[in-house]
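Both of the next two complexes hold chain A, though its partner changes from chain B to chain C.
This part shows the complex of A and B:
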C-alpha cells in the first residue's frame, strides 16, 4: 500500500521534487493495472506519483509533420478525437475492441504501453502506425521507436523515474485495419490480434506495416510479410502472404489459446484484411 | 501552484473530499482502499461487488459524468470529483425513468447486475439521448448479467430513452 501519493499538474513540479521522494516510487495514471497489482499483493511501492492530471500528458496536438498524443490520454478519447481519427485511425479502431466503456474511461494509452503486455491493443495500433515514443527524464527528452524498448510482459527499458511523455505519429495518409480475437465478442484479452496500415495506389499496396499481438512475448511486427506485400495486388498476394505470416511467428500455448489456433487466426485475419481492401 | 499532496496522518489515513450523490463529503481513507470499498463503507450498498477485478461491471458508478468501475479505481483518485451511485439516481418511492424502464422491460431478475447496468445506461443517455441498438450494446458491453440474456436490457434502454425525452 502506498504511504502517500503526490499529485502533479506540471512536468516542472514533477522534476523539481521527484528525486527527494523515497526510492520505491511509482507513476500512477489510470490505475487499472496498478490497483489490480496492489490487490494481488504485487505492488510494494511506498509512494505513487499521480501523473494523470499533468497537462502536457493530456495533450493531443499536431504540427506540420506529426501528431503528438500525451501518455495520460484516456483510451475513450482515442475513439472520437478528430486528429487521431484522421492520422492514427488504427488507435480509434482499437477502442472498439478495448475492454468496456468504464475501463476505457479510466485506462490511459501511456499505462497500456508501460505495462508492455503482448496483448495490449494500444501498443498493437501504435506499432502498426510506426509510432515513436517520447520519454522524459528530469526534463531531458529522448525519442525512440515504439517497440525498441519493449522487452516482454511488464518489461520495458525505462530508466529510474523516466516518464513516458507521449507518442508521435507521423502524418501519413494511410488506411488501417484492426482485428482482434477474444473469448467474448468485443471484450477482453486478445487470443491474437492484427493491425495493418497501408496505402493503395493504382490497385497496389504501398507502405504496408503489420503488427501482431499475443503471438510472442511482446507485440511484434511481421516484417517479412510487409516486405512481400509491398507493391502487390492485395487479393493476388493473399495465399503467399498468409503462408509467410505463419512462418514468421511461433506463438505459445497458454490458458487463452493454443499455438496452432493462434497461427491460424493470424493468417485468417490477414486474409480477411487483404480481401477487404 | 496547484500541486496538492495527499499524505498519511498519524493513523495511516488520507483525507479526501468529494461530492457523492450531490452531497459534499470529507472522509478519511486508507491508501489501498478502492472507491467501491469506500462507498460501501459509507453505507451506499446499492453498488455491488462482483469480481473485484474490473471484469463484470456490477460496481459501475459515474465519476465526473463517465461510467467508471469503482473496484479498480483507488479511492484517493476521486479527491475533488463528483461521484454518483445508484442511490443518487432514484429511490423505491421515486424511481428514475431508467429504473422504471428496466422493470417494465423485465430486465431485472436476481437484480445483482442492475445497479451497474443502470449507471452505464445513465452515462450513455446523458451523452446520447437516442442511442441506436449498436450504441446501447457498446455502452453495456462491460456489464455482465447471469440471468436475463441481454435482450431485455436493450429494450429497457430504448424505453428509458423515450421516457426521458417526454
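This part shows the complex of A and C:
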C-alpha cells in the first residue's frame, strides 16, 4: 500500500513537484490494474500520483488533420463520443467487449496502454488505427508510433516520470471491424482478437491495417497480410490471406488457450471479416 | 386450486431475508467488530509437499502490532480435525501435504500487520516427492502418501453378474470420462471470529453450513467441552457445499489463536487463499460400460469410478458413496457392478459441492446411455423411457421404490415441451443447433452413508404478544431455508408470516441437527418444526374454538385468523388467551430419518429413504469454426414432492442450471506440478448473466407421505443432469463426442476436427 496519494489537476503542478517526491513513485489513473497489482503484492511504490483529473489528459479534441484522445479518458466515454465514433470507430466498437461496465467507468485508455498487456482491447484498436502516442517528460513532448515502445507483457519503454499524455489518430475515412474471442460472451479476456481498418474502393481493399491481440508478447500488426490484401477483392483474397496471417504469428499455449486454437481463431476471424466486407 | 386450504404452503411467499440483504443491512462475518479484536493470517506451505524443519518469526517480530505466531504446539486439545476420518491435523507437525496448506498463523493488531508478518514468517523445509495424478497414485509402484495403496475409501455395489451379462448383450458401449474441479465461488469467502468470554468459554462466529461441525472441531482443537463453546452462524453469503466441512478448520484456527492471546481473533480469507486451500468438487475419472439386448432393454452396467481426493480425506468417503450408489443411473438394470475409489494426491482436499459426487458420474453415465441409444438406433428418450425406474422397481442397490417416483412423467414433460420429436439438427452458416437429453435421480438426505447424523431438532417458543421464535439447527446460506421453514411454522400454527422469526443457527439453543447438506433442510428441519408445533397447534386451536364458542362445530383457520360463523379472532389474540390460561407455549421437536437397510459388504439394500428426480433437455448451438457452445434454452422438469415455495423452487432451478453449465463449459481450474495457476476470477471463468440460457422449468409434485407437507428435497437436483444434456446436444449438433468436462471451445474444436 502506498503511504499516500498525491492528486494533480494540471500538468504544470505535476512537473513542478514531481521530482521532490520519493523516487519509488507511480502514476495512478483508473487504478483497475494498479490496485490489483498491489493486492497481488507486485506494487511496492510508496506514493501514487493521481493523474486522473488533469484536464489535458481528459480531452478529446480535433484539429484539421488529427484527433487527440487524452490518456485519462475513461473507456466508457469512447463508446459514444462523436469524434471517436467518426474518426476512430474501432475504439468505440471495442468497448462492448471491454471488461465489465464498472471497470469501463473507471479504467482509462492510457492505463490500458501503459499496462502493456498482449490482450489489451484498447491497444488492439489503437494499433489498427495506426495511432501515435504523445509522451511528456517535464513538459517536453515526443510522439512515437503506438507499438514502438511496447516491449512485452507489462514492459513499456518509458523514461522515469515520463507521462502518457494521449493518443493521436489521423482523420482518415476508414471502416473498421473488431473481433474478440473470449471464454464467455462478455467480461472476458481475449484468447485472441483481431481489429481491421480499411477502405473499399470499387470492390478493392485499400489502406488496410490489421492488428492482433493475445497471439504474441504484445499487440502486433499483421503487416505481410496487410500488404497482400492491398488492392485485392476481399472475398477472393480470403484463402491466401488466412494462410498468410497464420505464418505471421506463433502464439503461446497458456492458461487461457492453446497455440493451435489461437492460430485457428485468427484465421477464422480474418476470413469472417473479409466475408463481411 | 389444489392448495386452496393452505395459507402459506405452495405460495410464492417473498424471502424473509431479502430486504436486509438487498439493502446491505445483513451482517456478514467480516462486518462484526468486537472490542480488542485482533487478526490472524495463515502462513502457507510454499510447495506441494514438505518436511517442516523449523518455523521462525524472527523477521516478523519487527512489524509494529505483531503479537506472535501460532503453530501446532499451541493446540491445547487434540491435533486431529474430526471429519469422517481424522487424518487432517489442525496444523501440521512434521509434514505439510499440499501447496498452500496452513502451516502456522501470524496474529497482529491490524489486518495489514498480520499479512505483513505472515509473509515474513519463514518455514525451513525439505521438499518431499509428491504425487498429483490419482490414476498414477493407484499404480502398484507409485509413491505412497496415504496407507499402503493411497486409497482413502472404496465401495463396491454388486447385483447379479454384470461382467457375464455384458458379454451376452447384443449392444455394448464403453467409454472413459474425465471431469475437472469446480470451485464454489460463494460471494463471501471463509470467515470466522473466535471470542474468548470472561467465564473461560468461547463464542465462535462462523460463516458455515454446519455449525455443529464447527462446534465439534473447535472443541477438539481447544480441549473445551461442548457446553463451553457457542457457535453462532453469521449471515452466510453462499455455500454450495464449500461451507460444509472447511469452515470448521478455519474457525478452529481462529479459536486456537484466540485461546493463546486471550483476545477475539478474526480470520477471514481473501479470494486467492480461499481458492488455493479450501474444498472443491472432486476431479473424476470413470470407465463405464452398458449393455442392452436387441430389444433395447438394459441388461448390464459396469462402472469403475475414481475421485481425486487431494491430500486429506475430509468428506471424500461419503462423496464417493453417494456417487457410487447412483452410478448406474435411474434405470432398471438386473446386473450391476460398481467399483469406486477416492484416492490421495498432494493437492487441495476436495469435498462437498452441490450434487456431492453425483454430477461427475452422471456426466459419464448419461453420456454413455445416449451413445448406447445411438448404437441401437433408438431415440435416446424412447430408450430411456423403456428402461426408466418406476414405482415398485428396484434401483442398482436393490432398493424397491415404493412411492413418490415421478421420473417417467418428467421425461415426458421435457420431451413434449422441447418438441423433441423434431430433434433434427439445424444449421445456419457455421452454427449448428440441436437438442440433448439427460435424466437423474437424487437420494434426499444423508441416507445410509450418514445415518447417525440424520436427525434434526427445533425449538418453538411463542411469546405473549403472539410473536414466535423458531430455532433450528440447519442453516440459511442463500438457498431460502429461513423462508421455507417460516412458511412451515406459520402454516402449522396458523400464525401469519410476520409472527414468525427464524434466524441463523446458535448451537446453544438447539440440539445437533446434523449438517445443512444433501437437500435435507426442508425435509429434516421442516419435520422437526412440525413436531414441535403439533402440541402447540392443538392448544391454540382448542383455545380459539373456545373463544369463538364453536361448541364442537368446525371452525375455519386461515392466514393467521380463526373463523366461525360471523366471528373471527387473530392468532395473537388467541395466544394472549393461551398465556392467560397458563398453557405451555414452547415445545421441542425432534425428527429422525427412517431406517435404511444398506449393507456395505455387497452394496445392496435401501440407500436413501426417498429420491428426487430431474429431466433436462438442452437446446444448444455450436459454432463449428470456433468451437463456441451456446446454451440457448434448458427445459427442465423436477419431482421434489410438494413445492413449499414455487418461486424459490424456480430460483433453485435457475441457479442449479447455470452452475451446472459453468462446470460443463467454462470453469477450468488448472493445477500444474501441484500448484494452482488460476486462483482468481480473471482466469477461472464463471458464466455470467449474458451466458444464461432461457429457462423452461416444470414441476411434477409427487407427494412424499413422510415429508413436511409431503415435500422432498430440491437444492441439488437441478445441477446434476445439465452437463450430460449439453454434451449430448453437442454430439447431436455436430457429431463430436466429448467425454470430458469442461467442454471448452478448444476441446470442442479439436473433437469436431476429429469427426470431419
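Following the convention adopted for this analysis, the second predicted complex is superposed on the first by the 277 of 277 C-alpha atoms of A that agree within 3 Å, B and C clash if a C-alpha of one lies under 4 Å from a C-alpha of the other, contacts with A are read in each partner's own complex, and residues count from 1 in each chain.
The criterion applied here is as follows: contacts are C-beta pairs under 8 Å (C-beta built on N, C-alpha and C of every residue); 3 or more make two chains touch, one makes a residue touch a chain.
Please read all numbers here as calculations on a predicted model, not as lab measurements.
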| item | value |
| --- | --- |
| Dominant contact partner of chain A by residue count, chain C or chain B | B |
| First, second, both or neither for A:105, with chain B first and chain C second | first |
| First (chain B), second (chain C), both or neither touched by A:5 | first |
| Touched partner set for A:255, first chain B, second chain C, both or neither | second |
| Chain B versus chain C as contact partner of A:38, first or second or both or neither | first |
| Which of chain B and chain C A:246 touches, first, second, both or neither | neither |
| Where chain A meets both chain C and chain B, residue numbers | 1, 39, 186-187 |
| Residues of chain A that touch chain B when the two form their complex | 1-10, 13, 28, 31-32, 35-36, 38-39, 50, 52, 76, 96, 99-103, 105-106, 186-187 |
| Chain A contact footprint on chain B (complex, rising order) | 1-8, 14, 30-32, 34, 52-54, 57, 60, 63, 66-69, 72-74, 76-77, 120, 123, 138-139, 141-143 |
| Contacting residues of chain C [partner chain A, same complex] | 112, 119, 270, 625-628, 630, 666, 670, 677-678, 682-683, 685-688, 690-691, 744-746, 749 |
| Footprint of chain C on chain A - complex, ascending | 1, 39, 41, 181, 183-189, 191, 255-258, 260-261, 264-265, 268 |
